Amino acid sequence: MTGIRTEPITINLGPQHPSTHGVFRLRVTFDGEEIIDAEPVFGYLHRGTEKLAESRNYVQIVTLTDRMDYLASMSNNLAYVRTVEKLADIEVPERAQYIRVISAELQRIASHLMATGFLLNDLGALATPLVYCFRERERILDLFEMLCGARITLSYMRPGGVLQDAPEDFWPSLDSLIGDLPHYFDELESLITSNEIVLARTKNVGLLTDEQAIDSSMSGPNLRASGVKWDLRKADPYEIYDRVKFDVPIGAIGDTYDRYLVRILEMRESVKIIEQCLEQIESGPIRADTPFFIRPAAGEAYAAVEGPKGELGFYMVSDGGVAPYRCKVRAPSFINLTPLRDMLKGWKMGDLIIIFGSIDVVLGEVDR
Amino acid sequence: MTKIISGSELASSLEEKLPGCITASNEVDVWVSPESLLDVCETLKDPEGLDFSYLTSISAVDYIDNFELVYHVLSMRNNYSGVIKCRCSSEGNLRGEPTVSSVTGIWKGADLQEREIWDLMGIKFEGHPNLKRILLWEGFDGHPLRKDYLG
Amino acid sequence: MNYLSGFVDFYTFYDLSLSLFQYFGFGDNAQWMSYLTAGVIISFIVINIMILSTAFYTWFERRVLGRFQVRRGPNRNGPFGILQPFADVLKLIMKEDTIPSEADRPVFTLAPIALVAPTLLIMAVIPMGETSFLGSLNIGILFIVGVTSVNSIAIFMAGWGSRNKYAILGSMRGAAMLISYEIPMALGITSVLLMSGSLAMTNIVSSQNVWFILVMPLGFFVFMAAATAEISRTPFDQIEAESELGSGYNTEFSGIKFAILFLAEFMAPIVTAAVVATLFLGGTKGFDPIPGQIWFALKMFVVIFVLLWFRATWPRLRIDQIMGFAWKGLFGLGIFNIFIIAIEIMIFKTEDGTLSTSHMLIMSGINWIITIVTLLTLMRIYGHKKLERPIPVPSPLANMGVEAD
Amino acid sequence: MYGTGILKGLGITMKNLVLPTRQFNIHQYPNRKASPADLAKLEEKNTITFLFSNPIRSVRALVGLETIEERLPQHARFRGEEFAWYDQRCTGCASCAKYCPLGIIKIVTDTSGVDLQEGQSYDIETFDIDIGRCMFCGLCVEACPYDALHMGSGFEEGTYRRSDLVIDVERLRKADKKPSTWFRPQLTNRGHDPIKGSQADWDEVGRHEKPSGDQQRDRWAKR
């Protein structure tokens, strides 16, 4: 078929697009339906968190971290306060550590539920799995409201512990939720995991080998889906993660389906962690005696936690004042976008959406 | 537990392979010269040697009289981590745009992070395939994370 | 019990207006004038019923989808939210009707009409009761096949005219997909024709002593899948693909034009349900005292509900998978089905070329066995190829230094 | 086997249609469709009596035309608008203003230059909270050393002008005092629940027991 002149077509996917999960833009060049080039463009949600942090004191920054990955505020808070504690040498009471782990794991479940739901929405399942996921997440958010009066922007943790102890009605609600969650996941899995349409769409799509994943600094479920058994909760246990038993699920080949499955398995592991925490937790103080305005000695610290999206780290430099000299965020969503271009090349329009969806980025964290 | 390789340990093993690359070191930190940064990173990544296969993060700090790049690297196979620092400043003009060689060729994960640092801190990375502004728009005046930037 | 027999019956109106015109002394002209009057009246009734039922269908769809998704659907306007579609339409009409400056204006403007007209035309030949139909064409089913192919042109017009890349992608997909799926659909229809021996819809209904869904489940499966693709419903909704293309071919439409596109899109399941009910579910057949119209509506309702159920459950296939399914799957199955039906008819048909009820029952027994065996074999073959998942092996590149629990 | 997965999925959705065992926690805010039983409860009647006495309203309720107002279920700790500020407790120290990350609290105390005796406090002339910019982080409440400022539980303060979003001291003084129990465990211990509408007086919200005796009362309330 010579003589037919074709030319590639460039499409702006976003910033306003139903499947970019925020104000994200992809400049994609298609040859027919096939992607020959893709360039992510972002920054539409840039608020200068790092610059703002330089003019806030150490407690006020907690409110900034809420707004980074707004689907996982608890994990952001945890990563931040851990860095400050490392910087200022603050000892955290045990009960506070347990409460932190419980809430961070709940947040992980909530975040993974959203990732799964939206992945299925991107696959074209008219919101049904998404609504089922939302239904489950709603109960977790209700628990957060009991804990700290807010549902999304939590600001619950403080350097030296947590803000206040959980109310009495929190524990029975948590118990009943923990009892229900495995059934939720079973239902979700029987709707999705063995669905042949999902399999046809996701299997062997958007492959990312373990070498590629490590080379491009992927982290979190995306890294583990490629078969790399690496989880900061086990590799470098923080808080009380060394006292609980859990498994680190990994994927087989690193395709979209594995990235989905790893999230589901991780949620099940999170439930196990919370169960063990509930057994181990004892009463006690929940906040170390920290001053109102923390003035760490001049120095620097890097601490990271295994957030729902990946390794969320803070690198903070103090000059001895009430505000950090420099506060750098190692945002997992941002760095996870590094291999996106290679992953997309050669796939089709429909695959683009689900590959991007399976990486699970939150634009608040990408742009900060 | 991830073992943290101390600065002096790192310095000695680097000095062995690349003499003269270390500008300063103490118990915690090790500073390398910007000229030898690329060689140092290659040595760090070498699977036979230190095997830092994973670049956790690159941070840039503005210390008024110079800029400091902090590379957090991790060896997943041996579960230890290290920190390399690199002080750089542009010659002549203190607040100019210092140039450092890019490590994108060694760790692909540095790609977006180096772009971010160029965007917000104004450090040029030589050899980066696509060094454009990333969070702010092209044509933005200045680099906001610098201490002398008045927003 | 045929108290609804005169409903939407052409000749009722014809006789009425004929006597009326003759009374006023039109003489020779009375005949064609009453013919015209009756046609206009009955088209008016059918079109309005269709539009009204589409409105209620959108409400029904949203309510049922809501129930599937354990939430409530629209429930604010009127009792149970039944006035919601009217509020929607009112809002759409009030909106500004924008046309992109680069758009091909005539094509862009004509597209919604070109899309809604064929959908309405199909209803002309559907027998909604024993005697309730607009026109009893002796080539009714051929008419349906012909008219539905206009859809692909209309969708392409909408995409091309709006000069939008998403719209063009959507309409290109649409053109490819609709044309491909016309073939399995025609194959499904062919098997019906073999059984009934007539192209007229009324004859097809009357020949269904045993419903054709029972006689040839494989043919029903092929037709149903193709019809789902033809109206671009999940899992074949590539034309709109709201998560990929924004809104596909109707991205640039707004106001009343969008309302008309929307109307066509939501009328399509109703029309499809009518066709499926006629071809496979025995049309107006049922038992007294319930009139045929009610039976027909009930069967349509069931088909609509099943389509909705699919929509609520399944994700979407990719475009190449959809095309592969048409050409590699449904095409072969359709041919196979025709082959079997033809052989069976050759064996079982009586002297005058018809099939008796007992023979049909025997055929249905054979066909069910063949269908189940065929589908199971296919499922096996595909299952071995696609379902295996390698056991995850930790990569040697990382070692956390802890034993797994 | 291939093909069973999609059928299983159909089963799950059908199960949720027929038996919504775990109903999505939806609240029909602000107007809930009322059943006749709800209406009867509202009029303090037996349902059956209500059905017979108000047939029209019952039928309207059955087809979903009758609504009753409903508040979203919240926890007592909910951080929201309707700040509870106690004039008697506030000393005008401006800790809250200093601690606010956005700097939206503006405090001006007495400018007349009166020398205060021990136990007295300045008159507060201005206490503005710009809830148009407030993010309800609650740091001001955390900072208040005298438990004078509390979060509220409101969430719908829409106005037509931005300037109306600034709550001034008069409005704060007059407002209903329904403090949230967020960061105020003493309120929980005293059985206070703002969602149920209970109000708390200035002498009940402190960290310590109710001040006893006129002297202490005077000390707090002296202007």
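As written, the chains take the letters A, B, C and D, and residue 1 is the first residue of each chain.
By definition in this document, contacts are C-beta pairs under 8 Å (C-beta built on N, C-alpha and C of every residue); 3 or more make two chains touch, one makes a residue touch a chain.
None of these values were measured; they are calculated from a predicted model.
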Chain separated most widely from subunit A, comparing mean CA positions: C
Taking every chain's C-alpha mean, which one sits closest to the mean of all protein C-alpha atoms? A
Tell me the chain pair with the top count of C-beta pairs in contact. A-C
Taking each chain's mean CA coordinate, subunit C and subunit D are separated, in whole Å, by 52
Cα centroid separation between subunit A and subunit C, in whole Å? 43
How far is the middle of subunit B from the middle of subunit C, if each middle is the mean of its Cα atoms, in Å? 62
Can you give the whole-Å distance between the Cα centres of subunit B and subunit D? 50
Multi-partner residues in subunit D (2 or more other chains touched) are 2-4, 6, 9, 12-13, 16, 22, 24
So subunit C residues touching two or more other chains come to 68-71, 312-314, 386-387, 397-401
Among all residues of subunit B, those touching at least two other chains are 1, 53, 76, 79
Going by the touch rule set out above, what shape does the chain contact graph take here: line, ring, star, complete or other? other
Each pair of chains that touch: what are they? A-B, A-C, A-D, B-C, C-D
Contacting residues of subunit A [partner subunit D, same complex]: 56, 59-60, 62-64, 66, 128, 131-132, 134-135, 138-139, 142, 145-150, 153, 155, 163-165, 167, 180, 184, 187, 190-199, 292
Report the residues of subunit C in contact with subunit A in the complex, numbered from low to high. 65, 68-71, 165-166, 169, 173, 234-235, 237, 241-246, 311-321, 386-387, 389-395, 397-402, 404-405
The subunit C residues in contact with subunit B across the complex are 396-401
Subunit A-facing residues of subunit D, complex: 2-6, 8-9, 11-13, 16, 22, 24-25, 74-80, 99, 101, 135-139, 142-143, 151, 180, 182-183, 185, 188
Quick one: in the complex, what on subunit A touches subunit B? 42-43, 46, 48, 50-51, 212, 214-218, 228, 230, 235-237, 302, 304, 311, 313, 315, 317, 325-326, 328, 330, 334-335, 337-339, 367-368
